[in-house]
Amino acid sequence: METKRAVSPGGEKWLGQAIRCLDHGFVYLVDYMGNDEAIAQAARVSYGKGTKKTSEDQGLIRYLLRHRHTTPFEMVEFKFHCKLPIFVARQWIRHRTANVNEYSGRFSEMSKEFYLPEPKVISVQSQGNKQGRGNALSPEEAEVVRNILKSDFDIVYGDYEQLLEKNVARELARIGLSVANYTEWYWKIDLHNLFHFLSLRLDAHAQYEIRVFAEAMADIVKDTVPFAFKAFEDYRLNAMQLTAVEMKMVRQGAWPKTLKDAEMYLAVFIPGERERNECIEKFRRLGLVA
Amino acid sequence: METKRAVSPGGEKWLGQAIRCLDHGFVYLVDYMGNDEAIAQAARVSYGKGTKKTSEDQGLIRYLLRHRHTTPFEMVEFKFHCKLPIFVARQWIRHRTANVNEYSGRFSEMSKEFYLPEPKVISVQSQGNKQGRGNALSPEEAEVVRNILKSDFDIVYGDYEQLLEKNVARELARIGLSVANYTEWYWKIDLHNLFHFLSLRLDAHAQYEIRVFAEAMADIVKDTVPFAFKAFEDYRLNAMQLTAVEMKMVRQGAWPKTLKDAEMYLAVFIPGERERNECIEKFRRLGLVA
Amino acid sequence: METKRAVSPGGEKWLGQAIRCLDHGFVYLVDYMGNDEAIAQAARVSYGKGTKKTSEDQGLIRYLLRHRHTTPFEMVEFKFHCKLPIFVARQWIRHRTANVNEYSGRFSEMSKEFYLPEPKVISVQSQGNKQGRGNALSPEEAEVVRNILKSDFDIVYGDYEQLLEKNVARELARIGLSVANYTEWYWKIDLHNLFHFLSLRLDAHAQYEIRVFAEAMADIVKDTVPFAFKAFEDYRLNAMQLTAVEMKMVRQGAWPKTLKDAEMYLAVFIPGERERNECIEKFRRLGLVA
Amino acid sequence: METKRAVSPGGEKWLGQAIRCLDHGFVYLVDYMGNDEAIAQAARVSYGKGTKKTSEDQGLIRYLLRHRHTTPFEMVEFKFHCKLPIFVARQWIRHRTANVNEYSGRFSEMSKEFYLPEPKVISVQSQGNKQGRGNALSPEEAEVVRNILKSDFDIVYGDYEQLLEKNVARELARIGLSVANYTEWYWKIDLHNLFHFLSLRLDAHAQYEIRVFAEAMADIVKDTVPFAFKAFEDYRLNAMQLTAVEMKMVRQGAWPKTLKDAEMYLAVFIPGERERNECIEKFRRLGLVA
């Protein structure tokens, strides 16, 4: 249809086109408001300047993001339709600055779809990271795990159907269903808060299953507001923070060149072992420690 | 331009078309997201139902609003560009669930525009309402008031220019400017929160100068989401709340038919005088007290 | 310990004293900030008045709540520790204006506690209310339901333990657990938003299992800020809203005295059947329809 | 009084003790909720661990802040009473995640207090920073500026009094008052959001007049939650972010050792001049550029 509103050609491309996520899930863009130009335009209200050439928009957007001028990024909105396992929804909903309409198990029957992980993502408990995964199980072991889960899903869904047949209230019948059961929602959020969501959920420490959805949305955002997304990558996603102590180390030429050095220097500057390891890892990423 | 997004014909009409407010102010619609159908569509995600006939949208929207199912109304967004006196902006900004980019007096020069009230809206202090206006002053008296204010504005703006000429930092030079000075902003809000804003700022107790802006936005909203706005009028704006005590009065057939009755009955049920007066006023609006 | 802060004797009583909810859940008050006097004191900042007698606090608090002056109620905070089934947590968390720290199934093992409803609350699907319960099942039928659920819980928890034994990552092993599994959290919220939560979750339409928690918190709030809670009961919880159409009916002396009347009158004024039934129900509660 | 709640000895010290800010303003702590231990305790709910030794709280708090686990910091609240010029209040109120009760110029008379800057903080417009100050004016020039402002304040307040004498409604009479006029409010915020406020308003780019208030609050926070504040200093306030491009420069051993180097290298990596200057400044702060 015809509109006088700001249009993003990259966003239009994604409207209604689902990206498959996990085995039964998806993300698709239902609607969006604004584009790169709209971010720059909102910022220029603050500066009291008239319309500028688009060629200057990118520089302005990069400046705004670098300097934490977050409000112009709030002027862009995304509305997604997502289908996702309940345990993913529970992590996701912790981001409170969004609008949500979720499928209701009180009002409607839950579907027979449950998340059954691919063998290759079934891993052991991580040793270092108390809330993460370590190495993948062998294909055979993974298959055993899948069979256990699959059996759980079949049993609890069969019982759910039996309870519904007995006319037990839906809101009660569903309490035996597992957190791997799929739900759906509309989820609407502004770009500033979406960047915050993405910076946490694209991170390697996020659970794999939510990362898949974050990556799908990142693809859509990248096409809808390419200048803003590039700035987000350069100044947030792929940036690194040096703490006050680490800055001091650099100033004193005391960053650790070898792990041995590292331990010596870090013992002086940084009290906790966990923090020391994080610090060594940072200098390694910076190529200053072998 | 062409878009695959939800379009509101009534909203399109208002895009970029300013509504004048007060002497130098305005409101215009910069962008919107969604329409009546989008509200119904979001609600139907909860119910797990497929697309319905538009003819059923209105009934659903009315049901949602009547029963405080507020989240589907959060799925619609409005972005306004406003020019408004600072003292109005200070009341307006108290609504926190919105996104704002305001003109910056640190970055740019403030304009020479100040709000000078029309003679007919210059009134005495209300006796009953400690934060409101009573009767209008006589045209002559009103003119005196205008001259006093106008003189203030001229003096402080002249001094502002003088300080800028001395190259005093803008952020400091502007502190002598009055709260009647005009500012500008982009203001973006979802429909649920906009309804809340409107219910407070369209109210007769709101200061006249902010009511003017609320009325301008109400006109735009009414055209953009006509079903939702009608429901808002019927169930919020023009509705009335009976308190627990007032309900009891009705149940006992004890609503006051005359002011005398009223006082007698109310003295029993309602302790404070202010609350008694409010109660009588309600029954008067209901036509039960003469 | 000694403090110079505002103290609520009624709140102190509840600190650390758990209220049992459902079979394994609880709510207890961890901390609070403010009391009735603190609400009045914050409001008086707006009025620029000095300290008043406590005897006037109640009148002021009632005025504030009646007139939707919500900000003074935001000046009081409650921090609860709750243990609750996951499906209750999912409804609860939709209230976004709160602070939450929840038990993490990625970091720690989930407990073997699942919500098994008492026989008397196991009911059939409501006919009228698509998202509610109707009559209770017979004790025998209820026992069958309980056995089905209990069996589900035993199976999925047994499998969970088996997966943990195989050293499957906790974040993955738990996806077969049911939404009846218990979780825990700290939940902190201000009084204004808590009143909003309570007005929705104490309602007869809220699911029984979350209502139990709302009632526990209401008991605590009532003792901590007795004036504010009484005003909340009188002006919100036990109040009734007359819509614009219903007000018109009253003004025209046209409220329905019999169901027959009701239908005739309401057909004129109110288009939808659902709304007509709600209207009759209201006039019945007001004692105007037999 | 006696309380069973968490107490902060450092916070108790500040209760009701005003810190003078600017010429007529102040900040004082009205109430607080929680302490360092309460932060750790809330975090431990997530980990499902029992009470730990206080000696471990500091390490945990530092870990939480370093890794952006923000929710435990939301479990602590501060309530301040502030008196501040209106133009400062306008910057301050942009932080939306706080609760506010402000003095009302509709309800009560505005005081005759206006912010008149000390001579030494009266500066010229900065050249480099479009929204900042450069060098101070000479004492004589500063005195001229003060006299101009003082004269403005006297005139507009005299006119305000005259309008009130004519019984013009307070909400209208006050519109000639300047944004340097003092207002008051109660302001309540959780620690996570307060840290965000402080990180922006303690910054050298914040306007001096709001920085004064931020510093006063920082003193109070430092004493109330010393572990959390130290972590905030080390990982936020005094930390530095290296962008993706800057990290690449370091990895390639290409950080600029001289300004000349800098320009050469930076021209390759960093497109905009403003960003180049920021980058050189960072490497200078790290002691890598002379």
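In order of appearance the chains are A, B, C and D, and numbering begins at 1 in each one.
Everything below uses one rule, namely that contacts are C-beta pairs under 8 Å (C-beta built on N, C-alpha and C of every residue); 3 or more make two chains touch, one makes a residue touch a chain.
Everything numeric here is computed off the predicted structure, so don't read it as measured data.
Enquirer: According to the touch definition, list the chains common to the neighbour sets of chain A and chain B.
Expert: Touches both chain A and chain B: C, D.
Enquirer: Which chains does chain B share as contact partners with chain C?
Expert: Of all the chains present, those in contact with both chain B and chain C are A, D.
Enquirer: Count the C-beta contact pairs for A-D and for C-D, then tell me which is higher.
Expert: C-D
Enquirer: Taking each chain's centre as the mean of its C-alpha atoms, give the chain farthest from chain C.
Expert: Centre of mass proxy via C-alpha means gives D as farthest from chain C.
Enquirer: Could you state the distance in Å from the CA-based centre of chain A to that of chain C?
Expert: Computed value for the inter-centroid distance: 31 Å.
Enquirer: I'd like the Å distance between the centres of chain A and chain D, where a centre is the mean of that chain's Cα atoms.
Expert: Centres of chain A and chain D (C-alpha means) sit 30 Å apart.
Enquirer: Please tell me the distance, in whole Å, between the geometric centres of chain C and chain D computed from their C-alpha atoms.
Expert: Here the centre of chain D sits 37 Å away from the centre of chain C.
Enquirer: Of all the residues in chain D, which ones touch at least 2 other chains?
Expert: Chain D, residues with two or more chain partners: 100, 104, 107.
Enquirer: Going by the contact rule at the top, pick out the chain D residues touching chain C in the complex.
Expert: Residue positions touching the partner: 1-7, 12, 15-16, 31-34, 38, 42-43, 45-49, 71-72, 74-75, 77, 79, 81, 99-104, 107-109, 184-186, 188, 190.
Enquirer: Using the touch definition from the top, list the residues of chain A that touch chain D in their complex.
Expert: Where chain A meets chain D, its residues are 59, 62-63, 66, 68, 200, 233-235, 237-245, 247, 250-253, 271-272, 274-275, 278, 285-288.
Enquirer: Using the touch definition up top, name the residues of chain C that touch chain A in the complex.
Expert: Within the complex, chain C touches chain A at residues 85-87, 89-90, 93-94, 96-97, 100, 104-107, 115, 117, 122-126, 130-134, 137, 141, 144-145, 148-149, 151-153, 155-156, 159, 162-163, 166-172, 174-181, 207.
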